[in-house]
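Common to both upcoming complexes is subunit A, partnered first by subunit B, then by subunit C.
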Partner chain A sequence: MSLQQLDTNLFEEIIYDNAEPCLVIFSRKNCHVCKEVLPMLEELKPRYEGKFGFYYVDVEESKNLFERFSLKGVPQILFFNHGMYKGKVAGKVDEDQVEEKIAEVLGA
Partner chain B sequence: MMRKPLTNKVLVLGVDGMDPRISRKYLAEGKMPNLQKLINRGAAREDLRLLGAIPTITPPCWTTLATGAYPGTHGITCYWRQSPESLDAVVYNMDSRNCTAEQVWNITAEAGIKTLVWHWPGSSWPPTSQSPNLNVVDGTQPGSVNMGIAQLDWEKIIVATPDIKEVRYAPRVEKPAGVGCIITDLEDTLDIKDEVDDEMMELWWGDKARQGGEIRTYVMDDEDTEVVIGSKVAYDIVNSPLREATGWANAPEGAKEFTILTSGGVMRRPALILKNEAGEYDRVAIYKNKKETEPMLVLKKGEMVTGIIDDVIKNEVTKKGCRSMKILELDPAGNIVRLWISNALDISNDQLWHPKELYKEIVENVGHVPPVSLIGGEDDELVREIFEPSWALYNKWQADCMNYLIKTKGYRAVFSHLHNIDCAGHQLWHLAKTLPEWSHTDEKTYQGFIEKFYLQTDDYIGEFLHLLDEGWTILLVSDHGLIVGENVPPILGEYGGLNTKVMEELGYTVLKKDENGNTLREVDWEKTRAVQIRSNYIYINLKGRDKYGIVDPKDKYELEEQIINDLYNYRDHRTGRRVVGICLRNKDAMLLGTHGPECGDIFFTIEEGHNRLHGDSLSTSEGYFDTSVSPIFVAAGPGIKEGFVTDRIIRQVDVAPTVSALLGIRYPAQCEGAPVYQILTEDI
Partner chain C sequence: MSNINDLIIIGAGPAGLSAAIYGGRAKLKTLVINKGSIGGLVDTTREIVNYPGYIQISGPDLMKDFENHAKSFGVEFLKGEVVNVDFSRENKIFITKKGEEFIAKAVIIASGSEPRQLNIPGEKRLRGSGVAYCATCDAEFFEGEDVVVIGSGDQAIEEGMYITKFAKKVTVIVLHDEGILDCNKVSAEKAFKNEKMEFVWNSTVVEVLGDENVDGVRIKNLKTGTLSELKCQGVFFFVGMVPSTGYLKDSGIKMNEKGYILVNDQMETNIPGVYAVGDNRVKYLRQVVTAASDGAIAAVAAERYIEEINSFNSSVLQSDKKVLLLFFNAYLTESLEFSSLLEKLNGEKGNDYKIFKVDLASKKFLAEKYAVKTAPTVVVLDQGKEMMRFEGLTEKEKLEARFY
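Let's turn to the complex of A and B:
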């Protein structure tokens, strides 16, 4: 796993305090769809090195975060910039959808 | 037809739920000096009463005040009307297009009198006259201006202590009063649902409701009743560590940081508690993020601040919302901070302002609509610190708005409504008598809150007394009072839905059961002969009229008689007493003005002693702690005798024609009342 895993406190620090543009995938170890989406994000990550952060939350280990964002099921990819929530994509998404959303977040 | 006016300017000052009986108690104690001045300058009955229309429900009564017609005539017979599809469902009814009687403000406007209708919750929206003289603000729900359509978020309590190790967010927590707001302590009671039911305002009064969507609510036991639901406060809880400020661009010396979450948990604002010169923590500074050098706002202990504009995300859309905030607790040593944050009102929403420019003008010259709190109930700290002060703040804003508009816009007729007393009544009046069901509360505390709401209403009245010296005539009116209940009411006559329990016991309503024999919230229409829905209505499940009708029309009369007999013979299981007051067939209910297709096949009331706050009883009912369901009437100013007491029974249907008489305009077309000529200075 090349994506850095976040717990609640790291989430505060990295997403909000550092306020960099980034995405966070909320997933679960035994979720089949997550197993398809995660490798795609791992592939994308190097292309955005230094420009856009890629992070990972295990919802079983960080139930608080899952509850806090009122998420319904996994995987869900949440986007942030300047410490502000910028929307999400859910379920089995492809590379184009994620790139499109990244471009939107960076362009805003 | 025009007649000689007795005054040039009329302000109808409406206060929802204002009860003359308890007002007189506070007057006698010298606690309502402004109401006393209004009475001294004008005319009223000794008992200050208005004989209310029936049902004693907000939209019917305000519509009666506006039209001079009884509910059976104007057609607004409850908050909701029957769904055309099903006897167990209702549809939205606070829509002027459902009103079948003419509103007096249309007559004033069309007679060339510039008229303002401000948040009048009965047949005011949408405007029903094309006259450019008619301006209308909201009126689509009873609460506060824009409440039905502009809410973006929910109220929150933030708790930060050094012992909390990570930020947590729990949406819409319903917790028992007296239990703290630490989420780990509440863990077992938390019910994190997939779908949080956070759209009740919109379901009842929002866009969907106004489009006619069906609302199906079953009142099956005490847990489904309004007083029980309303007194269990629900709000978002945020827990945060409270620790040394780190990573800030500009944190003052000694500041400690904590985290605020809003917008369903997705919006985060860092905050600091700040020390004063004596080294004690006494302020909270909230920042957009830690990189900002200046805070968005600084809160001081004890102050409720409104007009706080911030981004709010709802349904993935970011909008600017207006909030209020207050520090609930801040330990001088910096070991705990508790903060209340109001809901957020969308500041761009001007859809219920006619013309829309009025909204912009109010925001620029008076300020944003302050969100009122809807939490308190059984939590007396929240009532004292948040609920009551938030209304006081709103009252002042509304008074400032009306005074600003009166001063600058040339209005000569103003019809206004304030909801503070009624809103509080629905949350906490029932706690002013300690019944066994709420023995965990103290009636003296809640009696004190009733007094506070009347005192803030007196302040509100005081904001308009200067108009008496500027040629205005003021009519102080209400739709109904609210009683403190002597007993827990039966599951009959609850206005919010289909009342099943008593009708099931009597064998008229049958609910379906699942395979395990558990009762479902679904009527078995094949076995149901009658249902009781909304405040006072019983419908026979009639063949040929109702979709699933089983009662032959030839049996209807006899069935009605049987139901009436059974209701009179029904005894409350707690008290052993009769709970039904009067029962009338639809044709006979014309005596009360509750006739016509929207008033059921049988109209009934709940007997005094078992009735709820208002809505289900006669308007003359009285309750504990000197309360009554009666509305109030006091008039003063040009055209009204000064210091005059009348014996005239003043009915709610008399108010609109009195306005007509005062302004010298014609009477509303369907008016069934008459001017209160005894209090007028001249014969008409």
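Let's turn to the complex of A and C:
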């Protein structure tokens, strides 16, 4: 299932206004590592339906968002809960690392 | 998509896609299993100027052409990661990370290579926070900043120059004496002229510094042993590649000490029906054109192998008559004479048996299957089951007594 893409406005709304627990992958089209990580998130998403949100930011289209988090590379998966930044995982990560982090965010 | 295939190709870089084109065209039921993006490493290459027929093309565009070409011949693609294989029997078995199982008669391994890590302190911890391996992906995050590039091969220097489009300064850390780079001459000349590029010679990076993000590197001069620090916000590692063959370590495939797969001219590994092509095999030149060549050779070899297996299965294993499976050596006169003797005798006796001749040199997979070491050897099969066998030259009378 593909991830909903966020622009700056949607980002504000979902992360800060709704304050739902979620992750956001910062990615770009021509990055090969992103192309490995993204499908893994797409598969993971249905298992967390209603419990944890999965979103996507294209850094080329939303440059201000990656500048805000002073990111130094893609892919990066940022985690949020109650409108607060809860950390990130970077580069070629696997399912287990993401699930661990989700459990941590939900448990905290 | 069926789980039973003639040919499975692991990897969809230029080697795997070329093999797929040849496999599909030969009407083999071909499945490509690929974990990342189609095109493999080429997909990260901005510009290719030495693939015949294309004066200049981007890596992704070229790979799209390869992919469409393979699909036009009916090749199927599956996105997945092969984590385990069993190549011990005639039907090769593949298990993916999701637990799906696939079977094929022949397999072409084209899983490529991945960037080598230096495994220095800070490298893993700061990955994605200033430590990077792909300029196309990450260069632009370093707009107006200082970047260090480790390595001096084609990739390091060419990617380094690309990074200068964004960074304020790119410092290249080179192992060799002043003026010596491992990359091609054209790129070296360009790099030396590039005002944003600087070089630190006879040196290596021993640590990446920084808490949340990279703020520098510790450099060691290999001649003097002195350590120094250089402030920077990004470090790009281009220190060569390692083969992505880890998942094959228990497969029985022979590899060298670095994990590159050993093959012969036909891309055959030590296991019948298993071939290796492209960057994951031992080879002299790793380019798109040589990867494509490997793929073509392996697919043709695999096609012949499958054909032999099919014909063996239908004419020998499913034969109504008993079969004399004769392993002979085409280079030995005695061996050939023995072969005619056996045929003549069988003819005189009303062709009680079906004789199937196997040249020991060219049908290695059958020799291995029946554990035959010497020629001539006759294996007697009834409904595909071995009843008895005879090794060495035998006189006509003795043969007659044994078989008829």
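Note that in this section the second predicted complex is superposed on the first by the 107 of 108 C-alpha atoms of A that agree within 3 Å, B and C clash if a C-alpha of one lies under 4 Å from a C-alpha of the other, contacts with A are read in each partner's own complex, and residues count from 1 in each chain.
Just so it is clear, a residue touches a chain if its C-beta (ideal position, glycine included) is under 8 Å from a C-beta of that chain, and two chains touch if they have at least 3 such contacts.
Being a predicted model, the structure only gives us computed values, none of them experimental.
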Requested in this report: Scan A:Tyr16 for contacts with subunit B and subunit C and give back first, second, both or neither.
Outcome: first
Requested in this report: State whether A:Gly91 touches subunit B only (first), subunit C only (second), both chains, or neither.
Outcome: second
Query raised in the report: Touch check for A:Val74: first (subunit B), second (subunit C), both, or neither?
Result: second
**Report entry** First (subunit B), second (subunit C), both or neither touched by A:Asn64
**Finding:** first
Query raised in the report: Of the partners subunit B and subunit C, which touch A:Glu36 in the superposed model: first, second, both, neither?
Result: second
Requested in this report: Once the two structures are superposed, pull the subunit A residues common to the subunit B and subunit C interfaces.
Outcome: 70, 72, 88
Requested in this report: Over in the complex, which subunit C residues touch subunit A? Could you list them?
Outcome: 35-37, 41, 43-44, 60, 79, 127-132, 134, 136-138, 141-142, 213-214, 233-234
**Report entry** subunit C-facing residues of subunit A, complex
**Finding:** 28, 30-36, 39, 66, 70-76, 88-91
**Report entry** Residues of subunit B defined as touching subunit A within the complex
**Finding:** 165-171, 192, 194-196, 247, 259, 261, 263-268, 270, 289-291, 311, 313, 316, 318
Report summary line: Note: in the complex, subunit A contacts subunit B through residues 7-9, 12-13, 16-17, 19, 64, 67-70, 72, 82-85, 87-88
